[in-house]
Each structure stands twice: as structure tokens, then as C-alpha cells.
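In the two complexes below, chain A is the common chain; its partner is chain B in one and chain C in the other.
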Partner chain A sequence: MTKAPIIARRELSSYFYSPIAYVAMTLFLLATGFLFWSDFQPGQIAAMRSLFEWMVWLLVFVIPVLCMGLMAQEWATGTVETLMTAPLSETDVILGKFLGSFAFFMVLLLPTLVYVALLGMYSRPGFDYGPIFSGYVGIILVGALFIAIGLFCSSLTKSQVVAAVAAAAILFVVTIVPKWASEKATLPRFWRGVADQLVFRRYADFSRGVLDTGHLVFFIAATAVFLFLSVKVLESRRWK
Partner chain B sequence: MHGGNGVISVSQLTKVFGQTLAVDRISFDVAEGQIVGFLGPNGAGKSTTLRMLTCYLPPTSGTATVGGFDIFHQSQAVRQKVGYLPESCPLYTEMKVEEYLDFRGQLRGLDREQRKQRIGYVLDRCWLTNVRRRMIGHLSKGYRQRVGLADSLLHNPPVLILDEPTIGLDPTQIRETRKLIKELGGKHTVILSTHILPEVEAVCDRAIVIAGGRIVAQGTPDELRASRRMQARVLVECKAPAEELQMALQRVSGVREVEVMPDGSGDKHYVVAALRAKDGYDVREEAARTVIQHGWPLREVRLEHATLEEFFVQVTANQAMATVEGGAA
Partner chain C sequence: MSENKTVIPETQKERWVKYGANVAIASVVVVLLAAAATWLAQDFNRRVDTTSAGLYSLKPQTVNIIKNNKSDIKIISLYTRTKPNVSYSSEEMGQLPDFAQPVADLLDEYKRKGSKIDVEVVDPLEQPTKVDQLIREVTEKYGGEVQKYKAVCEEYPKTYEQIAKMAGEEAKKVQAALPEQIDANEDLGQTLFLTIATVQGFPKFLENTKESIEKRLKQKPPDYKGAVNSIEQGMNTLSQLAARIVDDFVKSKDDAKVPQKIRTYMAESVPRYEQIKKLADDLAKRIKDLGELKLDTLRQSLRERDAILVMGQKEMRVISFEKVWQVPDDARGYTPDGKPRPRFAGEQQITSAILSLTAPSKPKVVFLRPGGGPLAQPGIPGFRPGGPLSQIAMRLADYNFEVLEKDISGMWAMQSQMQGMPAAPEPSDEQIKDAIWVVLDLPAPPQRSPMGPPPSIAPKLAAHLKEGGSAVILALPQAEPLAAALDEWGVKIRTDAIAVHEPVKSAPGGRANDFIEEVQRNPMIFLLRDYGDHPLAKPLKSLEGVLVPMCVVEAWEKPGYKMSRLVPVPQTLKSWGETNIEAALRGGGVVEYNAPKGASLDGDLPPPLFAGVAVEKDKAGRIVVFGSVQFILNDMLSFSDPTLAKQGIIVSRFPANGELFMNSVFWLAKMDPMLAISPSAMEVSRIAEMSPAVLNTWRIGVLLIVLPGLVIVAGMLVYVARRD
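For the complex of A and B:
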């Protein structure tokens, strides 16, 4: 039986002892609250599309901070030695860390359901829940991928700062750069094609209300790849 | 297959990091219930060996079994059998003592009832009951070390591997910890590493001296003590002409060699004579009497034990000689 849930539970509860997690959470909720408020005006369309698109921007910076300590701290303090001499596998550890962070991410998203409730209460006539549902599916998938990337970066180094900067850089390149690029009309077709394959364009479809199987597969597969790489990094101490 | 049938059986274990040979073909056996001290200067390969035995690092070559399981091929089974206290005792500082032990118990696969019972036992055994609800990060070094020790005992493992269990503790805590380890022997097979010679003499049934990645000596604490006594010197500080003093002390029965040096304090009239005794002799009383009889003012007579460095030098030299003699025979 896998011991990942034991690791996940410890990881989730350790977030609630860490000031950085609270800071990240506060900033995320302040920013989404402000964005929602600026859209939530009489005469506006009752939708959360722009909010979902902004959320990805926020996650590019919030998730690296949430994930930076996952493995880096284990390396720095040496606690990894107590983990890897207990009867459990590298996969248990990585999967557990991932699930713990993912659970915290869900906690982070939970308060945003208030916005959905507010839309439901005040929009006249009623509004379409479809795009909001697909938007949440999208943001959850993006969050999972970002956490896997953050975990991978954290497994490479002892330094939490290095882990956070590296993760933010990768997320920036796969998310924000393609968005800018795709807005440039002069972009060569090849690079436009590359940009379309990356996170932002795929995610934009979700926030528009499109649930595309191809996108689903992309996010799940990419998440799995980074988790797999993290397991290999953790195993690599044995190859030296 | 291994030659030995001990609880721990190590055969030709070797670890290479890049270009560095950290552990060089070491072999030994540990019988059930024994407490074995791994003694050596820093960087001798103690921690690396222990990390291989606990399955944290795989060996470059050679094999070892712990509790009958191979450390490489049956790593998960070995981990169930071993309680391990790593060097510097890493812990999750944001957890409470009890919470941490519960987490570790879950990883070890103990069910709720077993955890409750075992945590109560180890808290009591390691004098942690009064800090059970404190956060580990707020505890002193001594208490943290006990938390690490409690963790290693949690699943009642037949084998305990403790890497420098008394480092960073104050003298009272060192005494308590040694007492605890001594009590654990018999029920558990214990390997502990240390660079403190008296620790091995106080706690262990057997010592394995390791230097430069190799085993340079093995023996009971008594054997170690004997070879250490060979290295001890008696220092006599007095006001006397160097040559006369040398001759007078040379005649004291049991003295093997005398070396007279100027006094370190800068007082030109005083000298220090360093005596080496033959095995089994204590020359302090005779030496003092001799100095007094000559009417030389005597300041101090003191027994100086060999430092660990000197001890290792001697042990290594003996080893080399034994190898040469063995080869010639």
C-alpha cells in the first residue's frame, strides 16, 4: 500500500504553520477579490472569464512560493535521510508532497466559490454555470501542473530561493511569454505554433467554456512527466 | 552468501564518491544483542558505512545483510528492521514531539493502537513525556537528540544504528544517553559511531576502529584500553639539571624511556620529564620519590593519556606491522 497519503497529510498541515503560505494565500485572495470586484459591476456580463485568466498570472508567482520548500527544505535540513531510511519509496514521497500541496491549493481556491455564489445571487437574468465549471476544471489542471513543476525545481536544490526563482522562470516561459507572443501579428508561424501548444492558449479555452479532451490529456500528461522527473531526481542521490 | 551469521554481516563493503574512496572493502559481523562502537576520526567513513547499512546509499561494491536481509535487494525489509539516528539528528521543526512520532509511526506501518502504546513507551524511555506537546523547533539540542532516539526506537527494531548519538549534548545528557544505550543492548543489536574513545570504553562490547575508510583495529574495550595505556606518558615537572634528572629517572623500575624537555612556561630552571612505562607499571610514585630524594623542587606529576590522534597513529602502525609479519610468516 502506498504511503503517499501519510506524507501528504503532514505536508498539508505543515503549510498551516508556515507564514509564507499565509502570505501567499492572503495575496492571492486579495488580488482575486479585487479583480472580481472590478468586474462585478451593474451592467457587466455575469461571468468569471477574465478572473480565471488573471488567476493563472497570479499562480505563476504564488505556486513557486508554495512549492519551494517541498524538497529543498528536506535536502537542507537532512530530514530526507529520515524519510528515505523509513520503509517507503521515492514515489511515495514525491506523490505525497504533490498531493499535500495540491490539497493546499484547493483550500486556496475554496474561498473563490463565494464569487460564484455572489454572481448567482445578483445576476439578472440567471447566468450560465457552464463556463464557470470548465474554468474551475482548467484552473485546477493548471494548478496541478504548476505544482508538479514547482516540486521538480524544489527537488533539484537545497535553496528554497533558487527553487522558487527557477520555478517562476519556467512558469513564466510556458505561460506568460506565449500569451505575449500570440498577440504579436508579426510572429513567424513556427513560433506561433509552439506558443499555441503551451499552457496559456490551452487554458484560455477552459475559461471560455470549452472542455477539450486534448487539453485535459496535455495537462495530466505534463503533470505526470514532472512528477516522474522529480522521482528520478530523488533517486539520483543513489547513482553518485 | 556471507561468511558470518551475525545479525549484521558486512562483506567487502566499498563506497566511491567520484574520485574519492570513502569506504574501502570493510568486512565485519555483529552478533545479536551486541553493542558495537564504530570509532574513528572525522571523515574516516563512519557515516558513509552507516548510511549504506540503513539503505540510504547503495554500496559501490560488496554486500551486507541486516537482520538476514540484503541491504540492496531487500532494502524495504531492512528498513523495517532498523532504527536509525542520522548524524546531526534532522527533524521537522514545525511539528510537535508527539505529532512527529505519530507521523513516523504511520510511515513504519504501525496501526493506531500500536502507535499509542509505542509512543507512550518511547516518550517515557527517552525522558520526553514532559515535552510531548512542545514544538520540536523550540526544544534544546539535547531534547532533539532524544526525539531522534525515540524515533529510532519507535517500531521496536531488532537493530539500532546510531550516528554520533551523544554529539552536542551536555555532560549529564551524555551520561544519561550512554546509560540508555547500554540498557538497550541485549534487547537490540546496536551499532553506534563516535570519535570519542572513552565513549566506546563506557558503552560498547566491541569496538571497530576505522580510519581512511578501512578497519584498522578491532577488539574489546579492554584490549583498546591496554593498547592505549601503552601510549600514556607520565609528565614530571621539576627544577633540576636535565642530564642528572634523566639518569635518575631512568633507574626507576618500570620506566621504559625518559625524555627531558624545557618547561613550556618559560621558566628556565624548570624542566619536564616525559616517562613511558613498561606494560603494567605505574611509575608515578617512584618517580616522585626519586625527585624528592635528590632534593629537586617538584611541581607536578601527571598521567597524560594518548590523544585520539596518537592512538590512531599507533593503531595504524601496529596494523601495518602485523600485516608485514603475517606476510613474512
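For the complex of A and C:
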């Protein structure tokens, strides 16, 4: 696993060499800018809760695009064999790619700190940084999970488009569908319970300023599961 | 030899099965481990509320109540997100907080903390199906009453038909009995006309009532209560009319002036009208005996919108919008625009509703005054202000206490009687025997009453305490020290000495900028942040409060009693117990420390001083004594923080005052788990005013142009650099 940071660095720099990262970042900032627009007006509560909640929607579509090439490209171009001839384990490769994407995701979030600064400057009587902190913790955990899912989908196929669509579909099912479903009156109690266990309900606590160790463990465990599955998919090339 | 054995290579299928199964099992194990870790983490979770106001933390009292709750409770928010149910203009609407979200968040917290609590958020406008489900649930749960109401609604047509048939026959008979000509100016003529009109009008009247009833039954949910009320109203009217006809006929049937034919009809028809009256009376009585209709409570809350339902096993409570989002009337003047933001009292209201639904009995608190009018009586908004202790009484009521009040001298009732305005009845001695007494120890009025001075409260208090009762005693300077009751407990209220401090030295030339510094210029005013180490006082540490004026309370250890001093008088400034009370209270008088002299130690009381004490008798009652009354008056409890009030945020400047009293009552009621304070809720900051130019610079310039633009520029630079 000591080689993972090297892969991560390479992955991160490759993002900055590719136009898709800049396009995704620009679109993400435009979208969050528009969302923050309605929150940032005199008299409104100085908070970013609604922005954080909308961000999850954006990430359902942005992260699959960012992750689609992580492994699919290696499979398609055959560079995976070159990669695996290097003294690297499958875990190194998956972890490195995950960390590289995760680092880029952090860079993606970085400009949104300007919103925090604006709220800090203009909120009266004083700005409550607690919910902002927990909101960022939440979005980072959601981002990590989404990247792990994107990476897993990318490791399953040679086609980047298939990887992106599959990842977006999974993210949609684990995030948006339970949110919609839980709002339906006719949803049976059992399914309501299931919906409450998935991403959005858990993330909602972070966005409103509550840090819950149960949710922290959920996101970390779910991320670990998808990374494990990705490693197993990569290992499968040996016996398939 | 084993080396010579030929190794048969695995087939593709065998490899798939072998390694595939391995991966599948490993994956299942990892998923199960992750699920187990999440489940464990959820069960033993720790939650940190990062908001500075503790918006998402339930009060420890609430947590204790819901953790100890053994019966199923369901809490339903009926808040709609479209339009808040308040009279704000459309311009102000944009400035309003989201009323529905904090309620939903709060309900989440209740669900999380209480294993027996289920919550649901229903927007009546957006989710009509859920409303239908709710109606069904309420009907099933509290079905007894609904069935009774339904039965009345189903059976009333029979009675109606019977009455209509009888009335129709009577109308014909009365018509036939009428002579050709009647002098309408005579009484008899008028009576007959009225009777004819009334009897002939019966079927039409019944038909109209029936239509109105059917309309109500078609509503969603069916308005059984309204329908039954209409039936009752109709039956009462019918009964009155029949009674009047019977009266008239009984009077006139022997009147010689009345033609024989009519007299005969009158005599014969009286039992039939009595029968009509009986039918109407029977139905009206049946309706009167129906219990309260829970479904109607639900209907009311759906109509009002923005209500919270708290459903217990047998009972249900509805919490209205106004109770949850409270705007204190007396706070309007503090804000620049006269429109303070409503304060969120959701937790207080829901917890109180849960308490009232689950507690086996209601604890009682009685305010005992030595004379004069009621002090804790609630006001009627817009008509009459509440008594000076009405706010603290309301707080007690919110925690499911039954609040009573009694003039121990009985003089107020006599005075009111003499003035021709009888006072509302007050509880008897028997009724307050098991209550917690709040004894208001006030000085005798300066003007002599024709009925003589009020009797001392001390003997009654002593008797109450001897019988194992508990009391909180609040004393004013120059009042009776109640030695007859308190000596035995090792307590002495020095109503002849008040705590004062040396004057605060402030910046020369006018008002000090600091509010606290300004108020402390008065030697009687101490800003308190420490209330002692007793369990009732410990949670209040650092919370600001003011007791003014504070009589010194002395206490000493006595065998069989456990004593703990409360409210230490701060010594940051030189302080003492001033015995020249007149000078101290006047304000302008010279207040300086006179050390005790001579054998009798005449003079002021040296520090350390205390303004309260809590004493517990072994296996018996408890008392709490404070050398102040004013600290729980409405004016003190609602005294707003002037800085925040300018921003429209109304919060108490001295929050410890109310909490100290409430904790004392909780301790006396042996409700020790309730001893805590709450984080003040819902005080969030807002984005300040700025000019449209500045706003647009940030919104368009920075958010939409500069930030995305920088990314594009960076991308182009990388592209150019890499191309080169």
C-alpha cells in the first residue's frame, strides 16, 4: 500500500492535464454559484444547508464523469497490463486511483470556501461555523463514497460511457430514489426504514450541523466495501 | 512417486467456480462486516451538535422524559411548506424563517432519542393521501367516540321521519279544527296562527337541518361533530317549539272564549306534542352524553394547518402554530420594526404534551399570597394582561404542573364580595395539601386595612412542612422572616438586610457603553453566574441571572436536615448585607459598609453572604428559600437582551432567573432528572443588508464569473503549456 500515494499523485496530475476536469469543475462551480445565489441575499439565514443538499444532487452526475476513466481507460488501452507489471499490488492501484480522485474532489470543493468567507463577512450577529464544518465533513464523506462507487463501475468495463452511466444509475438508486420514496405516503414502513438507512437521510444530518458517529461509520464502511470490490474486480483478471 | 504425477490443468469453468466463489464469499463477508460495523456504530452512536445555539440538542429533561417513557407515542408534523400560517405581507414573507424544517428536525431528534416514539412529517397540501391515512389511523385508534358519533348520524333520520310524520298529521288536524274566521287581533287568533305556522313549518325545518347535516358528513374527514351539533341544535329548537305549543294549549284548552272544536283539538293534541318533544329531547340528550371527538380535534388541526399532533395510546394533543412559534406581545417594542422573529418553543410544547399523555397524575403547584388579587392568573391577549407571575405559572403548566393560587388570608374574596365583583373561587386547604407551595412572603401593606393586618402565613407553612410537604419560599425585604416555620429547618431569612455592593466605577461623562456595567451602578444589582453547588443550581453555572433586591438568607446545619446554600453573593466588588434597607432601596441614599459593633454586633452583615438555601429533611419534605421575589416576575423573565433585540432577536437577558425557579420546583417535586438547562434555540444569524451594487458584485461577479472563469483560465494555461 506504500505505492498508493505515487499512483494518487499521478492520477491527480492527469486530471489537470485533461480538459474534462476543467469542464466538470467549471460546470460544478456555475451550478453551486447559482444555488448559492438564492441563499446569499440580505435577510436570509446565513447558512449553507440548502447548498449542501443540492451539492449531493450535483455529485450524482459529476462524480461518475470524473471517475469513468479511472480503470475503464486502463482496460480499453491495455495499460492495465503495463501497470500491473510494475511492483504494485491491486490494492495499491485501486487505493492510489481512489486517493487521486478524492484529492481532485477536494480541489473541486476548495473554491466553495469563498461562499463561507462571504457568509462570514456578512452574517449578523455572528456566523455559526459549526454547521458549515459538519456540512463539509458530510459532503467529503459522500464524495468519497461516490468516488468508490464510480471507481468500482469503472473497473467493471472497458467503456467509459458505460462506466459513467452505471455509476450514475447506482448513485441515483442509493441517493435520489430513497429520498423521493421516503416522501411517498404509501411507502410501507419497512421500505421507509430502508430508505432512512441510505445516503440522503444520513447526509441530511451533516448538512444541518449534526455529526453522528453512526453516519461516519456508514460512509467509511460503504466506501471500504466498494474499494474492496474494485480490488477483487482487478484481481479477477488473473483467473478470468 | 508423486513428482511423476501429471498435473491436470484446471478448466476455465473450474477456475471460475473456484476463484469466483472465493471472491463472492469474501465480498459477502466484507459487506456483512461493514453492515455490522454500521449497525454497532448506530446503536452506540455519539452525536455532536455543531450549531452554536445547540439547535439540534434536546434538553436533558426531554431526553430523560422520553427515555423513561414506556408507552407508544406518535408525533406528526402537519406543517405545510408552502405558506406559513401567519399574517405577514408578501414582502415580509421572504424574510421569514422556514417554519416546517425546524419542526421536522426536532421530530427527528425525538425519534432518535425515544425508542417508543415514532414521528411522521405530513404536508396536508402536498400529501392528501397521507392525510387520509392519518384520518383512518385516528378513527381506528380513538374509534370509540367516532363510532358513537357515527351511530347518531346514521340513526337520526329515523327520529326525523317520525317527527316529520307526526308534525305533518298535526298540521292537517289543526287546519281542520280551525273555524272559518278568526279575529287575528285577538290573542287566541295569534296563538292559533303561530301554532299553525310552527306545526306546518316542522317538515321544512327538518328538511333544511337534514341537508346541512349531510353536507357536513360529506366533508373530508367527515364532520361528525358539526353534523351532530346541527342535529342537537335542531332537536333543541324543536323541543322548545313543542314545549311552547303544549304550554299555550294547556292554558287555552279550558278557555270558554275558544271555540269548542279547537279546544277539543287542543286537549287531544297535547300528548302528541309532548311525544314530539320527548323524541327531540331524547336525541338531544343522547348527543349531550357523547364524549369528546378526537377526529374533530384532527379536523381542527388540519384546517388550521401548521399544527403538531402528539398521539398517545388513549389521548391526543394538538399543538398549534402559535404555541410552537411564540411572539411575545411585550417584546414588540424592543425591536426597531416592532416585529420580533417568532421564537421556537417546539421542544417545550411537545415534551409537555408527552408528559401530559404519559404521566399518571398531574403534580400541583400553588402560589400562596398573603392578600390582594391573583398574581399568577394568565391574561387574555388584547383584553387583559396576565398577573405579574403569569409567565412563570405558564412555564410550570407547560411541564404538566397544575397551577393553583390562593390568598392565604381569605381577605381578597371578602374585598371582592364587598365591591360587588365576586372573586374566582380559590382552592380549599384540602386541595393544596399535596401541592408544592410557592410562598410569597411580602411585607404588610403600609395602609391599614379596615379588616386589620393579614394573618401570618408562618403557622400554615409550618403545618404543611410538618406533614411532609415541600415549599419554595420567596421573600421580599421588610417582610415577615417566617421564623415559626423556618427555624426548625435551620434557615433564617434576613428580611432586614439586603445584599449590596460598592458602586461600579465607570467611564466619566455619561452612560457606560456596557449594559451590565450600567445596571450594576445600582448597588443592589448583582449579575449572577454562580448559583451554588446544589444539584438544582449546578447546571445553571455561567448562565446569567439577576436577583434584585436580594435579602440575605442564613442557614446552619441541623441534625436530620441536609442543607446546601444557594446564590452566593458575588465578591468581585466589595459586598455586604446592608441593614439600612430604606437607604439602599431609595437608591439615592448613602450605602456604605458599617462593620458590626458592640456585644449585639449591630451593623451590616459581612461577606460571605448567600441569597438562598435548599434543605431536605430526612425521609420528609424539602424547602428552597430565596431572598427575592422579583426575579420571577414577568418583567424580569421577559427582559430582552437589548443588543439582540435591535436585530429583531428576542432572547432573555437573564435566562437563569426562570431556570433557577423551575429547577427548584423540579427538585421539590422530586423530579430530579428534570434538573437542567436548555440551550436557547433558534437564534440564527442572518445576512446583513448591503447595497444592490455590492450584492451583484458578489453574486454575479464573483460567484458566476470570477470563480468559474479562473478555472477556465487555469485550464487554458495548462493546455498552452502542454502544447508547447
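One rule holds for everything that comes next: the second predicted complex is superposed on the first by the 239 of 240 C-alpha atoms of A that agree within 3 Å, B and C clash if a C-alpha of one lies under 4 Å from a C-alpha of the other, contacts with A are read in each partner's own complex, and residues count from 1 in each chain.
The working rule: contacts are C-beta pairs under 8 Å (C-beta built on N, C-alpha and C of every residue); 3 or more make two chains touch, one makes a residue touch a chain.
Model, not experiment: these values are computed from the prediction.
Chemist: Applying the touch criterion given at the start, work out whether A:Leu118 contacts chain B, chain C, both or neither, answering first, second, both or neither.
Modeler: A:Leu118 sits against chain C, while chain B stays out of touch.
Chemist: Going by the contact rule set out at the top, does A:Met25 touch chain B (first), chain C (second), both, or neither?
Modeler: Once the two structures are laid over each other on A, A:Met25 reaches chain C alone.
Chemist: Check whether A:Thr79 is in contact with chain B, with chain C, with both or with neither, and answer first, second, both or neither.
Modeler: After superposition on chain A, A:Thr79 lies in contact with chain B alone.
Chemist: Touch check for A:Pro87: first (chain B), second (chain C), both, or neither?
Modeler: It touches chain B, and chain C stays clear.
Chemist: May I ask you to decide whether A:Asp212 touches chain B, chain C, both, or neither, giving the answer as first, second, both or neither?
Modeler: Only chain C; A:Asp212 stays clear of chain B.
Chemist: Just checking: does A:Lys232 make contact with chain B only, chain C only, both, or neither of them? Give me first, second, both or neither.
Modeler: A:Lys232 contacts chain C only, not chain B.
Chemist: With the two complexes superposed on chain A, say which partner A:Tyr17 touches: chain B (first), chain C (second), both, or neither.
Modeler: Both partners, chain B and chain C.
Chemist: If you tally the residues of chain A touched by each partner, is the higher count for chain B or for chain C?
Modeler: For chain A, the partner with the higher number of touched residues is C.
Chemist: What residues on chain A does chain C touch that chain B touches too?
Modeler: 17, 240.
Chemist: Contact residues on chain A for chain C in the complex?
Modeler: 16-17, 19, 21-23, 25-26, 29-30, 33-34, 36-37, 40-47, 111, 114-115, 118-119, 122-128, 130-131, 133-134, 183, 185-186, 208-214, 216-218, 221-222, 224-225, 228-229, 232, 235-236, 239-240
Chemist: List the residues on chain B that touch chain A in their complex, please.
Modeler: Interface residues on the chain B side: 17-18, 51, 54-58, 76, 79-80, 82, 84, 86, 88, 90-95, 103-104, 106-109, 151.
Chemist: Please name which positions on chain A make contact with chain B in the complex.
Modeler: 3, 6, 10, 14, 17-18, 77-79, 81-89, 237-238, 240
Chemist: Per the contact definition, I'd like the list of chain C residues that touch chain A in the complex.
Modeler: Residue list for chain C touching chain A: 15-16, 18-19, 23, 26-27, 30-31, 33-35, 37-38, 40-43, 45-53, 55-56, 94-95, 97, 105, 122, 127, 129-130, 133, 643-644, 647, 649, 684-690, 695, 698-699, 702-704, 707-708, 710-712, 714-715, 718-719, 722.
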